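This structure is in structure tokens; I'll ask about it shortly.
Labels for the chains are A, B, C and D, by order of writing; each one numbers its residues from 1.
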Amino acid sequence: MSTTDRELRVGMVGYAFMGAAHSQAWRTVNRVYDLPARARMALICGRDAAKVADAADRLGWEAYTTDWRELIARDDIDVVDVCTPGDSHAEIALAALAAGKHVLCEKPLANTVAEAREMAAAAATARAAGVRSMCGFNYRRVPAVTMMRQLVADGRLGVIRHVRATYLQDWIVDPQFPLVWRLQRDRAGSGALGDIGAHIIDLTQFVTGRRITGVSAVTETFVKERPLPAGSSGLAATVNGAGAADGHGAVDGHGPATGTVTVDDAAVFVARLDGGALATYEASRFATGRKNALRVEINGSLGTVVFDLERLNELEFYDATRPAAEQGFTRILVTEGEHPYMSAWWPPGHIIGYEHSFTHQMRDFIEAVATGADPAPSFADALQVQLVLDAVTRSADLGSSWTEVEPALATVAA
Amino acid sequence: MSTTDRELRVGMVGYAFMGAAHSQAWRTVNRVYDLPARARMALICGRDAAKVADAADRLGWEAYTTDWRELIARDDIDVVDVCTPGDSHAEIALAALAAGKHVLCEKPLANTVAEAREMAAAAATARAAGVRSMCGFNYRRVPAVTMMRQLVADGRLGVIRHVRATYLQDWIVDPQFPLVWRLQRDRAGSGALGDIGAHIIDLTQFVTGRRITGVSAVTETFVKERPLPAGSSGLAATVNGAGAADGHGAVDGHGPATGTVTVDDAAVFVARLDGGALATYEASRFATGRKNALRVEINGSLGTVVFDLERLNELEFYDATRPAAEQGFTRILVTEGEHPYMSAWWPPGHIIGYEHSFTHQMRDFIEAVATGADPAPSFADALQVQLVLDAVTRSADLGSSWTEVEPALATVAA
Amino acid sequence: MSTTDRELRVGMVGYAFMGAAHSQAWRTVNRVYDLPARARMALICGRDAAKVADAADRLGWEAYTTDWRELIARDDIDVVDVCTPGDSHAEIALAALAAGKHVLCEKPLANTVAEAREMAAAAATARAAGVRSMCGFNYRRVPAVTMMRQLVADGRLGVIRHVRATYLQDWIVDPQFPLVWRLQRDRAGSGALGDIGAHIIDLTQFVTGRRITGVSAVTETFVKERPLPAGSSGLAATVNGAGAADGHGAVDGHGPATGTVTVDDAAVFVARLDGGALATYEASRFATGRKNALRVEINGSLGTVVFDLERLNELEFYDATRPAAEQGFTRILVTEGEHPYMSAWWPPGHIIGYEHSFTHQMRDFIEAVATGADPAPSFADALQVQLVLDAVTRSADLGSSWTEVEPALATVAA
Amino acid sequence: MSTTDRELRVGMVGYAFMGAAHSQAWRTVNRVYDLPARARMALICGRDAAKVADAADRLGWEAYTTDWRELIARDDIDVVDVCTPGDSHAEIALAALAAGKHVLCEKPLANTVAEAREMAAAAATARAAGVRSMCGFNYRRVPAVTMMRQLVADGRLGVIRHVRATYLQDWIVDPQFPLVWRLQRDRAGSGALGDIGAHIIDLTQFVTGRRITGVSAVTETFVKERPLPAGSSGLAATVNGAGAADGHGAVDGHGPATGTVTVDDAAVFVARLDGGALATYEASRFATGRKNALRVEINGSLGTVVFDLERLNELEFYDATRPAAEQGFTRILVTEGEHPYMSAWWPPGHIIGYEHSFTHQMRDFIEAVATGADPAPSFADALQVQLVLDAVTRSADLGSSWTEVEPALATVAA
């Protein structure tokens, strides 16, 4: 533990799946890493007083409020952690930045490009005043992913030729699964595309250091009508789904009425990256048997890396510069002290889990805030992901026609 | 061994990679399977007398000729097996059919849709006279692939939602690899697309029983100039690459001059299948570390199957109708007597190899010819694959615009 | 979170690898599980005041002491958690039980059978007074392992025929690795055998519900002399190795002097289990490339299960009652709500890590203590493991002669 | 094809599982490899005239006989290939050697040490007259196994510390499986031990270059009474089981009577190798779900190799001299031209099967005979395996007491 007494007093908005994951990370990060500041779980915010009180007690927050504006207004909060559905990201984050709070905002940054542009602009402005902001693409901090980035950056893959990325789940294959908020465009922005497709867009661009420049996309909603969740008036669907054990906002029962699914069940697209690589992307919630199958393979002229989130402690690396008879995919167990983030954890071979990616994210965020550095990914980085999502949607809407990704720099120019 | 003395006297044109593979299969098939006719390796044809004489001796053919027209003209040949590059398929196969020979033609059926249409029409005509024809998509006869087809046909996967298929190789990653015939459009028709992409198009349509209806594609030639093969005038490139050990037509040395690669190095496309599934396809010769990585995953509403040609004795099957706590991908070792084609081979767990797919192909071809049945895939089936290849090419040429696959039935109408 | 205000005030002795793992678990358990009591991290104990003060701050303990007798004497401690090396387990645990504290003791229970017998007897006596005790074989609480136990208990494997268990590591392959306390018999009791062999003995007996009845063993010390750790007088070797990042007590530098390794580097043995199964066991610190490779396969007349700690979220299950053509090893991703311990964690496919086994252990311990039930494994169970270790050592000392495992019931008789 | 016209006229005794496998290899070997002599499948021998006639026709032998003595007596036979059950190996091989025939004898060399000693002595005598002999441990010729041997010989593994070898099958788990000849000591010599245990003994000694010096063993017969095969008088069980599709001598039906299993179902043992390594071995026919699971892992001070016969085209290699962060198990697809035996087969990634190990064996045998070199493994090598089998049996009979392997050199001294 550092000798510093500096505290970062965190106020978190939202307490469902992401709220639970962030809480576990805030609680753990200073117990594992020696950092220049210590996070204090000061305040949690949710709309339902009883539920947020319970969440505060269960997750270990000192106090709670039902008003996020109050949370932002308080002097004794340094960091605002936005864990709400995407439709409220912009409003909360903009207010927090305006109030001089450092902001960590869950992905996708926003539900629209316009919001994301506004947020990126606000972050740039706030930065001049020493205010830090970061978007929560936590998978960048899976040690194997960070290591992939290093291998590419070190030139070990040579010229990137191919990216193939899938993020596959299967939790709505059953047509009787109810119409939760994640299946509604007004709340979620999009379906598989924004929820999980955003992760593979960010991850592959991060690892390769290359940007997607154009796409040709197809999206589909396989099941167009679903039963309404039981008691699903107003916020009920969201609130019912707030348990940590259920990350997707499911509810046990549902009424007889049905509603229309307004988001994509699956999105597939081919893409080009700057630098000349071809890429394929697929995000789906209809891949039976695939639970959290974020898989990425990147082929370069000198080597290949392969990652699978369901085996996140492993990285496969093919080094084509090795002697011909000894080439092959090396399964690296990314649990050595030499690997990113791992020296603070357990001995080699003692694996870590999904939640550790958030602990690593908090580590880097705290360090950046405490030392006055810019954490990554910035809101501008997240805007660029949003622009790719937007190009995918536009291409799909236009019968898969080739669609260029709008430059993020337009924001700056504006 | 059957008591029948019926012989099928085979004449094979070509003796390089495919010629060697077919020879191994013709030599083996009646030793393993009890069939109503026995293949006799009667005649082999190639343009270079010395080389074809050597091939006849090495591969075990009774005689050789340098003139494929003579081969077709002979009365004592029942079957013509076409193993040449794609640019000569149509001419040879049409002549053989016209001469009343049963024809087995390597894939892709032809280099152009026009040729393929003509071949399919000729096959339909010949069929009326009892002449059989088949295209050599041998991977249909990998036992695990045949089993996938059966699972789908039995409804075990439910409604097909997703197909993801890749066929990845890496044998031309090195920019100094020479400009062999497979990299020349006039000989090969296309590059990765027709050579290996054709396999995954056929295989996925076979397994799902569904047709690709439209595509949006991107193709790329990463290395546009390559050294000419040493002594590569005329047929030299082909002839030099004729060794069984080198399936890709490589040569050891090469001269200082370079030439232009006129085919694709990689092709990626998204597609829709009739029945509503989304699909992604990728064929590449630039996937470093992937040697023969034909991988297919098919997600249905009730289950998923996964196949990898580099582990062709295995099939992964996810059965979503099993109890929740016991669901998972079952790695079926497809070596039991209950599995397709396997009762004739070794005890369980004793694996087979790549070449066995050809033995199985010959088994089914011989049986069909001997019993007067139609072998599959027919030339019409192969034409349909050609039409998909054509749609991919047209989409890529038109900036990835969505392109419908032309109906094969037009042939019949014509 | 439960409405109960009942607290269990924990005092932990030791703060190295196991101390860090236990701290993480005590800190987390009530944040994830709804339990009838809440653990309070009240007091931590270590011999070096500065270091234990730092550990208290870093790991989140309210207070510290350098005297474990004081810890036991305090009225405001309900639970004593023993995380020291094996040579002090007996003294601390016996004193704690005598003082009426519930005890959680790390494995192996003791360094000698005599100590273990005394501890088991004391635990039985204390139990009559409502005092609970448990030995920390945490791997029983890996969800996949718990599930294996359930499958066997449900008869899904039929009659157990074979057990094959290995626990392989490689952290002392380098002969320059120093002579840390784990390589000294007086501190550690034994080497690979007691440290990691104990885990596979307990785990396989737990899963099968069968006891090892006899063994024939070979042990080996491949590297007999090693450099002394730098500054390795007295406790230095232990203290230097206390960092959470280094679970094996390694130090960075070392002096020129060497000392004798007095424990086994590897132990292998064949065994019989009651019920008729044959078994092989292997524990080694010389298995190059194997980091934490606890692997167990159990074959029964109806099925097989396979577990690998480096992929602890997965369980392979072969069900021989399935249709012949569909049999195979099913890779179950043990992350569903239906799986043991998992409903409280993340959505399916979001994997957990090594440390979660401790959180699950604390969950069960707290629940047992709070409800007046007996947690498992008891000290008597741990004594039985000690008796197997003893039989292995005796067999190895007697030239691998067959050695019966002494019955634990002798304790009760005494 | 070589210009040589030299022929090796082969006479094979036996036509069941091994006979079919050898036939496939003799038929193929000169079609794939360019060798100094050409095998001619001249004569096949079996006791039942009708069945051997059918086998000759099916497997492609020019002639047949029912008398192995006649086969040996013929002048126009150069090579005798012994594929019978173990109880007749000695008699046939000794007669063949005495007649000046080169001999290839299936493993295990004999059913007793005495027979094996006599055969090794006869082979040594015959060798002086230019007669070659070899025992059919075909798995040495799996390319990945040959490559393992090379890696060890090149010092890539350093000092060998551990060998762990299993050969697991499950074809007699069902207690109703009949009492075929492989379950009768007088025919088969032993059960799992000699049938499959012999393979892992030879393979690990071959790969490591080290000999097993002593063992401590346990064997078990789990099912002691089994139904007799239908019509199992005299040779019927053998003859019925002669189909190529059934490698284990099973029959479809069986009568009501039962008989006693006189061989082991499973054998497990720990061992020491010269050079100091510890080893565990397990051979079983009761490992449910394991079909042909010959798996070997060898740990050395510098690296580890792992092999699995069910994925025989792959070799896992861990190189501990690589940079720490990049170490891992490299899955080498052993299908490159640089790999042993592979340059004659298909392009990279096109896998081979079980039967190819026999083709490679015939290749090396033909080359040795034609060039006057000694093929390996010699009868003396095979005797040494027999001595290990004998030590295992003696140890098991003596309650697992440590048993030294008798030196093979005693043969020479005698």
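Here is the rule we use: contacts are C-beta pairs under 8 Å (C-beta built on N, C-alpha and C of every residue); 3 or more make two chains touch, one makes a residue touch a chain.
If you want to know which protein each chain is, UniProt gives these names: A, B, C, D = Predicted dehydrogenase.
Remember, predicted model here, so these are calculated numbers, not experimental data.
Of the two interfaces, C-D and B-C, the higher number of touching C-beta pairs belongs to C-D. The chain with its Cα centroid farthest from the Cα centroid of subunit B is C. For this pair, subunit B with subunit C, the centres built from the Cα atoms lie 55 Å apart. The centroid of the Cα atoms in subunit A and the matching centroid in subunit C are 36 Å apart. Mean C-alpha position of subunit C lies 42 Å from that of subunit D.
For subunit C, residues touching at least two other chains, in rising order: 290, 327-329, 333.
Subunit B contributes residues 1, 17, 21, 23-24, 27-28, 31-32, 34, 54, 57-60, 169, 171, 244-248, 290-293, 309-313, 333, 335, 337, 343-356 to its touches with subunit D in the complex. Listing the residues of subunit D that touch subunit C in their complex gives 161-162, 164, 166, 168, 170, 173, 216-218, 220, 222, 266, 268-270, 272, 276, 278-280, 282, 284, 286-290, 299-304, 318, 320, 327-329, 399-402.
Across the complex, subunit B meets subunit C through its residues 147, 317, 319, 324-333, 336, 338-339.
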